[in-house]
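Next come the structures, one after another.
First chain A sits with chain B, and in the next complex the same chain sits with chain C.
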Partner chain A sequence: MDWLLTHAPALLIALPLLGAFLTPLIDRISGKARSAFVLVVLAATQLLMMALAWDVFTQGAHIYTMGAADPTATVPAQAAVPVRIVLQVDGMGAFMGLISVTVSLAAAVYSLAFMHRESGQGRFYTLLLLMVVGMLGMEFTGDLFNLFVFLEVLSIASAALIAFRFYHGDAVEGAIKYIVISSLGALMVLLAVALLYGQYNLLNMGALASVLEYTYLDKVALGLLIAAFAMKCGAVPMHMWTPDAYTVAPASITAMLVAASQASLYALFRICFSLYGFTLDLTTVGIIIIALGLLSMFIGVTMALPQKDIKRLMSYHAISQTGYMLLGVGVGLYLLAHADFDTYGIRAMEGGIFHIINHALYKGLLFLTAGAIFYKVGTRNLDEMGGLAHSMKYTTVFFIIGALAIAGIPPLNGFASKLLIYESAYRVSPILSIVAMLVSILTLASFVKVFHSAFMGPRLEGMGDGREVPRSMLVGMGLLTAGIILFGLFPDWVVSNLVHPAAQALADQAAYIAALGGGV
Partner chain B sequence: MINNVPFFAVMLLIAIGLYTILFKRNLIKIAMGIVIVEAGVNLFLITLGYREGGLAPIYTHLPSGVEIPGGLVLPVPQALTLTSIVIGVAILALILSFVVRIYRHYETLDSRNIRRLKE
Partner chain C sequence: MTMPDEGLSPVVRVIAAMLFPFILIFSLYVILHGHLTPGGGFQGGAIGASAVVMLIVAYGARWVESKAGEESVSVLESLGGLMFVVTGLLGFLLAATFLSNFLVGEVLFGEIPTFGSNPGILNTGGTLPLLNIAVGLKVIGGLASVVLIMALGSRRDAA
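Let's look at the complex of A and B:
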């Protein structure tokens, strides 16, 4: 057990990676065996992730040095600086890893029935597992160049999955937008990494953080990194790829893309807090992040209101919800060096980080219900559907729970995290909270519209076969719903045991540097 | 001055690439723009790793008493560039396969006419 936990960070990346490349081979034997294999791999990843997260939250951060005789020694005996590839799992990393793996598992279970009419499922699950690799790699790595590599792994796998239904022209159209923008973004990340490496000869983020001087070149690198990752997480004004890609991807993949964009959000926060930290001009960068958040929230929701395509509407809501996370954590960054950080700065960060997991759960669930509707009705246009509540009882209940959670209605989980953000952002400026509340109301309005036009009304002809979707899709949605209800009922437990350690891990740059062997 | 030439080339390549991506309408040209930006970034990485008079780090154990004027070069930037090139090939292959698919569906490569999603 100890051996397993020591090597867990590396195993968590290796397990889905090996699973991904075994999947096409097993697919040649039989489709059933392949599906069972994928589920076993993901379930094993989930169990290992939960064990690792438990250990991180009770015992402290994990360090894993690739290829070292002693995985906890980041600086090799012959060298003065950490030169090896290091994985580092602290509260924040474990928290994000849990989100990614949980959403992926639910999406894979859902796909069993959702994708069974498609050909090429072996490739689908291979890419799905590669997405898990990319997300976990981005969340665990302590090395800047590795961050770039895993970002590309994630982008390539996601782009191929967005275009999975390539026989629809629009799927390829969404995918090419995504891959052009994200490969350009990744190249900017690489340029920033090169700028930092050229000055300090280091790639290890902890060691780099300890020597960073915030020179002019560092500022250029910071700008490139913030722009690239804000683009990848779909913040306005770099959001134009999000609705296209989210709309055309298969629904289970859209749910995973939400988790994938949060991995980029994590990278953005990691770079601001752990890499640059106190050397930053905290006020300016904090205001930039808050401004990105406000813009995303407001423009996202106003663009969502007139949409007729159910998944496009939800995609704009995804942008708007990303704004809440940027706002919460941005307020934390703004106040990082301030005396009030311990009173309400950290509360704002907790709100933002709590919102990440809540959003992954309810937005994942909402995209899965949209997929269930598409599976039965064959259209995404809200004007053409109606009366689905008659035939799809469970889907209706899941949709209501998801919609109430995203609108922040108590006692569901969206309320808990939004309240934390309202309370603490108010102390910085009341305008922030007012905008946040307004956006929340508009979100509710928009989902009332979706609920009314898709589920209410008389039974319509041609609306599916009058039966509920297959069981595996219900199980996938049920998994996420259970999470929403649990998190909504016990927010205090979640905040003090999961979210607070995660926020603390982000805010405490000294611990990060020490853990990664920097400052020698 | 002559030592800085590669850096000017880097800036020029990235600028040309960005211009191509932003202002060209043909999807193949957009793909080429990405490759040009990538070439610029790779050139930047490899230039960072150049040390005048340095020797390639092929020896694992240097014979004692041998002095190399420029020392051994740290191979990290070269390793990064190789990785980046490999990733670039994968991205390019993916983009080109999308372009092929788009051409079959829309019978055009002009990005102004490929906007079924906008409606």
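Let's look at the complex of A and C:
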């Protein structure tokens, strides 16, 4: 067990990667065997991730040095600085890893029935596993260049999956938009990495953080990194790819794209807190992040209100919810060097980080229910559907739970994280909380509209075959619903055992530097 | 003599057929000497894939497809990927950590050269040549199947 835990960071990336390359070979033998194999790989990844997360939350961060004699030896005997490829899993990384793997598992189970009419499923699952590799890699790496590599792995796998149903013309359009934005973002990251490497001859993020001087070039690199990752997580004003890509991707992939965007959000936070940290002009950068958050929240939700395409509407809500995370963590960054950080700065960060996992659960669930509707009805247009509650009882219940959670109605998880953000952001400026609450009300309004036009009303002719969706899709949705209800019932346990260590790991730059072998 | 439906004239075809093995050998050379000379798995793989592209240009995509289908070329790609991950996993089964160089001092690629200049000893590098071969297989398979699919999709009669 100890052996497994020590090697868990590398195994978690190697296991889905091995699965991804075996999938097309097994697919040649039998489709059933391939599906079973993919599920086994993802379930094993999930178990290993939970074991690793438990160890990280109780025992502290894990360090894994590729190819070293001792996994914790980040600095080789002959070298003065850490030159090896390092994986680092602290509270924040483990937290994000849990989100990515859980959503991927639910999406894969859902896909079993959802994609069974498509051809080329071997490729579908290969790319799905590669997406898991990309997300986990981004969340675990302690090396700036590897961050870029895993970002590319994630982007290319995602783009191919967005275009998977290429016989719909708009799928290709969405995928092209996504790949253009991703390549642009990745090149900006690469340029920023080059700027930092050129100055300090270091790529290890901990070592880099210990020598960073916040020179003019560092500021340019920071600007590039923030812009690139904000673009990849779909923050306004770089959000134009999000609705197109989310709408046309298969629903299970859309749920995974939400988790993928959050991996970019994680990278953004990691860069700000752990790489630059206290060298930053915290007030300015904090305000920029808060402004990005406010813009995303407000513009996202107002764009969502008039939409008639159910997935497009939800995509704009995804932008709006990303705003909450940026707002919460931005307030934390703004207050990082302030005396009040320990009282309400850390609360705001907890709110923002808690919102990441909540959003992955309920927005993942909502996209899956939208996919279930599309599976039965064959349209995404809200004007053309109605009365689905008669035939799809479980889907209706799942949708209600997801919609109430995203609107922040008390017993569900969205309420807990939003309350943390309202209370702490209010201490910085009441305006922030007022906007956040307003956005929450508009969110509720827009989901009431969806609920009414899709599920209510008399039973309509031509709305599917009058039956519920296949079982595997219900299981996929049920997995995420269970998470929402659990997190809603025990927010206190989740905040103190999962979210607080994650926020602490982000805020404590000195521990991050020490763990990665920097400052030598 | 009439021009074939696809591909180029017999002159080009004969020359392409003669060049094909030489390009493949050069590709193998770049892959195998990846740890000694400039180049490596990716570069050598790209050269190997360019040999296939030359055949596609000279003989037409359908002919190449009949000799080596896209499916079987993709198997090559999967095998390359598998080989890389398995080499990494062997790292901690046989030595300490993932991607550990477990071949140092062994018979295969394990020779430790004496310090100083040498003409380039192939039998060194430990797992590095294995990783280069894995990447090379993957790149040949991947690039060749991408170009083949695009050539098949853009045939004149396809539209």
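Heads up, the rule we're going with is that the second predicted complex is superposed on the first by the 520 of 520 C-alpha atoms of A that agree within 3 Å, B and C clash if a C-alpha of one lies under 4 Å from a C-alpha of the other, contacts with A are read in each partner's own complex, and residues count from 1 in each chain.
The rule we apply is simple: a residue touches a chain if its C-beta (ideal position, glycine included) is under 8 Å from a C-beta of that chain, and two chains touch if they have at least 3 such contacts.
None of the values given here were measured: they were computed from a predicted structure.
By the touch criterion stated above, A:489 is placed in contact with neither chain B nor chain C. When chain A is checked against chain B and against chain C, the one touching more of its residues turns out to be B.
In the superposition on chain A, A:64 contacts chain C only, with no contact to chain B. When both complexes are overlaid on chain A, the residue A:183 reaches chain B alone and has no touch with chain C.
Applying the stated touch rule to the two superposed structures, the chain B and chain C interfaces on chain A have no residue in common. The residues of chain A lying in touch with chain C in their complex are 7, 10-11, 14, 17-18, 20-22, 24-25, 28, 64-71, 85.
Listing the residues of chain A that touch chain B in their complex gives 83, 145, 148-149, 152, 155-156, 159-160, 163, 166, 169-170, 172-176, 179-180, 183-184, 187, 190-191, 193-194, 197-198, 201, 203, 244, 247-248.
The residues of chain B lying in touch with chain A in their complex are 14, 21, 27, 30-31, 34, 37-38, 41, 44-45, 48, 74, 76-77, 80, 83-84, 87, 90-91, 94-95, 98-99, 101-102, 105-106, 114-117. Interface residues of chain C facing chain A in the complex, by the touch rule stated above, are 71, 74-75, 78-79, 81-82, 85-86, 88-89, 91-92, 95-101.
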